[in-house]
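Each chain gets a letter, A, B, C and D, in the order it is written, and its residues are counted from 1.
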Amino acid sequence: MARKITYQQAVNEALAQEMARDETVIVMGEDVAGGSGADGEMDAWGGPLGITKGLYSQFGDRVMDTPITESAFIGAAVGAATAGLRPVAELMFVDFMGVCFDQMFNQAAKFRYMFGGKAETPVVVRTMYGAGLRAAAQHSQCLYSIFTHIPGLKVVTPSTPYDAKGLLIQSIRDNDPVIFFEHKTLYTLEGDVPEEAYTIPFGEANVTREGSDVTIVTLGRMVHVAHEAADALSSDGISCEVVDLRTTSPMDTDTIIESVENTGRLVVLDESHPRCSIASDVSALVSQEAFDSLKAPIRMVTAPHVPVPFADNLEDLYIPDAAQLQQAVRTVMGKD
Amino acid sequence: MQLSKDDLLRAYRIMKTVREFEERLHVEFATGEIPGFVHLYAGEEASAAGFCMHLDGRDKIASNHRGHGHSIAKGCDVHAMMAEIYGRETGLCAGKGGSMHIADLSMGMMGANGIVGGGPPLACGAALAAKKLGTGGVALAFFGDGASNQGTVMESLNLATVWNLPCIFVVENNGYAEATSSKYSVSCDDAADRAGAFNMPGVVVDGHDFFAIHEAGGEAVRRAREDSAPTLIEVKTNRYYGHFEGDAQTYRGKDEVKNLRANRDCLDLFRARVTSADLVEDAELDAIDGEAGDLIEDAVIKAKAASRPAASELLTDVYISY
Amino acid sequence: MARKITYQQAVNEALAQEMARDETVIVMGEDVAGGSGADGEMDAWGGPLGITKGLYSQFGDRVMDTPITESAFIGAAVGAATAGLRPVAELMFVDFMGVCFDQMFNQAAKFRYMFGGKAETPVVVRTMYGAGLRAAAQHSQCLYSIFTHIPGLKVVTPSTPYDAKGLLIQSIRDNDPVIFFEHKTLYTLEGDVPEEAYTIPFGEANVTREGSDVTIVTLGRMVHVAHEAADALSSDGISCEVVDLRTTSPMDTDTIIESVENTGRLVVLDESHPRCSIASDVSALVSQEAFDSLKAPIRMVTAPHVPVPFADNLEDLYIPDAAQLQQAVRTVMGKD
Amino acid sequence: MQLSKDDLLRAYRIMKTVREFEERLHVEFATGEIPGFVHLYAGEEASAAGFCMHLDGRDKIASNHRGHGHSIAKGCDVHAMMAEIYGRETGLCAGKGGSMHIADLSMGMMGANGIVGGGPPLACGAALAAKKLGTGGVALAFFGDGASNQGTVMESLNLATVWNLPCIFVVENNGYAEATSSKYSVSCDDAADRAGAFNMPGVVVDGHDFFAIHEAGGEAVRRAREDSAPTLIEVKTNRYYGHFEGDAQTYRGKDEVKNLRANRDCLDLFRARVTSADLVEDAELDAIDGEAGDLIEDAVIKAKAASRPAASELLTDVYISY
């Protein structure tokens, strides 16, 4: 797999390949084509960052611009999913969930259970998340822990172009409702991606680095921060194992526990706010299921319990970084 | 639109079955054996029947918390519905949904809904699927006067026009959202007046008159099926019971329901009309009355006798695969 | 304080007393009076369970019925709070947050931070939560962990009539946005409540039972389940300390840690779904901050990761009970 | 409504200051020194000025992501605004909000908003507060054509009528929501057509004509202040730049902006009208041009020179008390 493409291209390619393979896959969202009703070019945008650009040219009205009415069109995607389509709806920023969460958590997530096992709702909601673009408090949140809390939803957080493609194809083929988180600072990241379609199963974490002293469980953009820290720490003789969750629901508890059983130490690195977070979720899991393996207190490295600030220096301080992670690892190693 | 005798009998059977279902639930609820919140549709039967008579297997409806009538009219199994309301394993949703979540996707009934305004976006989706898949189907959303103000509903009206969806929006205006009058909550005179804001036809019909509803519904379904275009219809109707069972209804005028039952009952008006026009004989309707009564009696007996779901059911049906 | 009233009466009394004391306190929500525009009685409902009944008769149009448009009226409450009022809005069931969450988590919660410390938004959203009324998947959720995740919100979960009154008065007088969770099965619970107004500070947990072997951290309805279990366990010679969080944001981490330092064992009891929950949050806190005091793995007792079922027998199985809690306590005591 | 000379000069100063502010940001953004998303208001100035001229200290506005013009027109400090956009500690929000969250509650500016449709419910609240507190104030919400479809906005229109709120809703229809035309997303002909659905007057005005806006705004504010009743006004306007800085705008027609600038510029039209009517002399306007230019130049210099917020600011201002 010598070909390198960006995370953004990987997402686009996954969509294009699945649309080509399966007529029932449709894409909808605000400006996912762009230019609807206007005098200029159609397929002008592909969303604000151009992620879906080109799909309209290739698939015509299977790529549908929507009015700015997230409840209506995400609900429509959910309804269409119960009626034979496999819609991929774009919630431009996950921060906008507050105007349409009902259709995800009370409708899509619960149909199967409430209807006694008789519903299938193969809908995917793609969404952008995370800090780093100076987009301030209402355009920089993570919020995946909120979706993870909800039974019936599957939550996917790819960290690389390879994972983005494989997990998105899996999301589209999956028969349950999926919310797919794309980190906005990862779009330009390049990586090896096979040309053909492939899937990555849900609930299987990726041990992206093996190590023996400390387990770092993380996800999304933070996987790269973990590697940066692990590199630095290895020159001090500290060996870190990095576990990329890939999906937070289902979550691969076995891999986490196994790793902690080997290393005896856990640091969880999570870009989101700390309370009721993935960081706390993983910590709690281990403190219940692998307690006896622990040689030191668990440590969580997260953003603080504050909204995302605008000023560039403050935002940089807000986002968990390799230095903080190194410090936490040293602490659990008893070397601070 | 002239209905065949078969159609007339079918319409009456639907309405009567719903009425029996609801009247019986009212009685059964009082015994304390039915769990949860139960919202009865009695008084509004002509709406469910008048619209659903135009729908077939290709078509879908999205319903609301007051969904028993819609479900029966769309062809859901009455025994399974009753068992569901009792929370039994034989229920339409295996006892896991209850009255507020009755659904049968195989019958095109997309679900009652515990969220006011939850259904119309889903109906847009079903209409979109029908359009994209070329099934010829339409989708219809039933919702209340209270729901008509909800943003999700108005967004759906807009989306249906923007996407030219084969979708019908039915506001069942029974005068109240819980204890609040639609005169207070709906800022325009008729809820159907909002149709113009979304560039679709808006129609008001008398909810006690099955024939008026059937006529308006026929045109809306035709418009959806043939022109792939949406319509908003407001049915002026009334509920005979409280918002939910247990509601003391002190917000209602004295004798309001008594007068409605006496003068505006959709079943009585239907009977008077078809018998006076010599289309159907009283005895034929009486026979249906008897059958509907027996059906509901049997459904209640069977529901009560059925088992509760197995304990293991607590953890199933969350995901298809995990 | 000899007078006994119900939790429901305590809520009503807190509202009435604060409205009488402060003209800027107003109450709004669906049918909070009831009967608006109708021919019969005004003040007919007081919400579906009659909690606010009587306020309209006493305070007239300071008690406002609303259309079923949660975004508009909760947003209006938020906007009014920035402009001199102290609105108490009712979100009938917390399950309905999906149609109006934006106004709570992106607007109210973030104003102060985004506006550089210059905003005050003294709004209270009262809401009903929890299982037990056979109300099924869309009317029985807890969801407080979602609000706890959001910086800028305060989250209150009273367990008794006494706490309901004191915490609600504090909520109304507090200058930050508060979401106030009333458990629907607690409304009929009676308890001693002083007639005069009083406040209970936020962020101070209540040790409702002292004990030496195991700390049980819990909240809301589950406090009573904890006491039931603790009673049963005491006859087996196991001494439980019960910590009622009272508020999950701010959360009284000191009291939790201190208690675990004394007992060396922690069980967290939480009615909500397990993932990214208060249960996991408290577990994570302790596994980081009081790890060295722990003599046994932490255990969480929560509802399962499934929607709330309708059938009465299934719902009873769904809700965490004293037997499950006892089992968990025995496990951490090494006695199972 | 006849404006005094002072008012005319004030109106021009507001519009020109906004124009200078935005044109300069366009240039500065290209240097890469301004962080985040910046949405410019150039071309739409007559709207902010025409409405805000009627407002005073009792009154509040709720804005949207394109909020610089509204803020300046409502009296926010231009230096502090510029510093905010640069993310400096001297910013109106201490550098923590940025362009999308500019606010100054002390000036009645309730905030730009990153959420489309976030503002109108807040404006309802401010209107309610004014009414309950008897301040005589009104509240005005500015939002776009795209936002006009959002459920939160339509719910607010309904609520304003149900509660008789002193509230004005202004749709600034600049033809696009990002890259999507309002001809596609708004299902009715004019966004103002929706007013009838909520039983309030709906007015369309030419957004290039300050006087038309000022006139319509005056009547709406009067209606709100005196009758405690809401109005919906649609301003047909145009933006000169992309949705945000960096937008290539390939969805727009060729020469669309060029023609607008040449023929429909609100500042040019204003100047022509007031000078040809001998109300103001060119030289007086030229003087304002110069002052506005100097002001913005000074604001940019000071903003660039200002410090970033102290690191400790990261953790402050989350709660008033904890």
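Throughout what follows, contacts are C-beta pairs under 8 Å (C-beta built on N, C-alpha and C of every residue); 3 or more make two chains touch, one makes a residue touch a chain.
Since we're looking at a predicted model, the values are computed, not measured.
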Partner chains that chain A and chain C have in common:
B, D
Could you pull out the chain whose C-alpha mean position is farthest off from that of chain C?
D
Averaging only over C-alpha atoms, locate the centres of chain B and chain C and give their separation in whole Å.
35
What whole-Å value do you get for the distance between chain C and chain D if each is reduced to the mean of its CA atoms?
40
Give me the residue numbers in chain A that touch at least two other chains, ranges are fine.
66-67, 69, 71-72, 95-96, 98-99, 102-103, 106, 113-114, 136-138, 151-152, 304-307, 309-310
Residues within chain B bordering two or more other chains
91, 93, 95-97, 101, 113-115, 149-152, 155, 158, 162, 184-186, 318
Draw the chains as points, connect those that touch, then say whether the picture is a line, ring, star, complete or other.
complete
Interface with chain D, chain B side, in the complex: residues 149-155, 157-158, 161-162, 184-189, 193-194, 196-200
Write out the stretch or stretches of chain C touching chain B in their complex.
30-31, 34-42, 44-45, 48, 65-69, 71-72, 95-96, 98-99, 133-139, 304-307, 309-314, 317-318
For the complex, give me every residue of chain C touching chain D.
24, 26, 62, 64, 66-67, 69, 71-85, 87, 102-103, 106-107, 111-120, 151-152, 154, 174-176, 202-203, 250
Parts of chain A lying in touch with chain C, wherever the complex brings them together:
71, 95-106, 109-110, 113-114, 136-138, 143, 145-146, 148-152, 249, 251, 272-273, 275-281, 283-289, 291-292, 294, 296-300, 304-307, 309-310
Which residues of chain D touch chain A in the complex?
35-37, 87-89, 93, 95-98, 100-101, 113-117, 146-147, 149-152, 175-186, 243-244, 248-254, 256, 308-309, 311, 313-315, 318
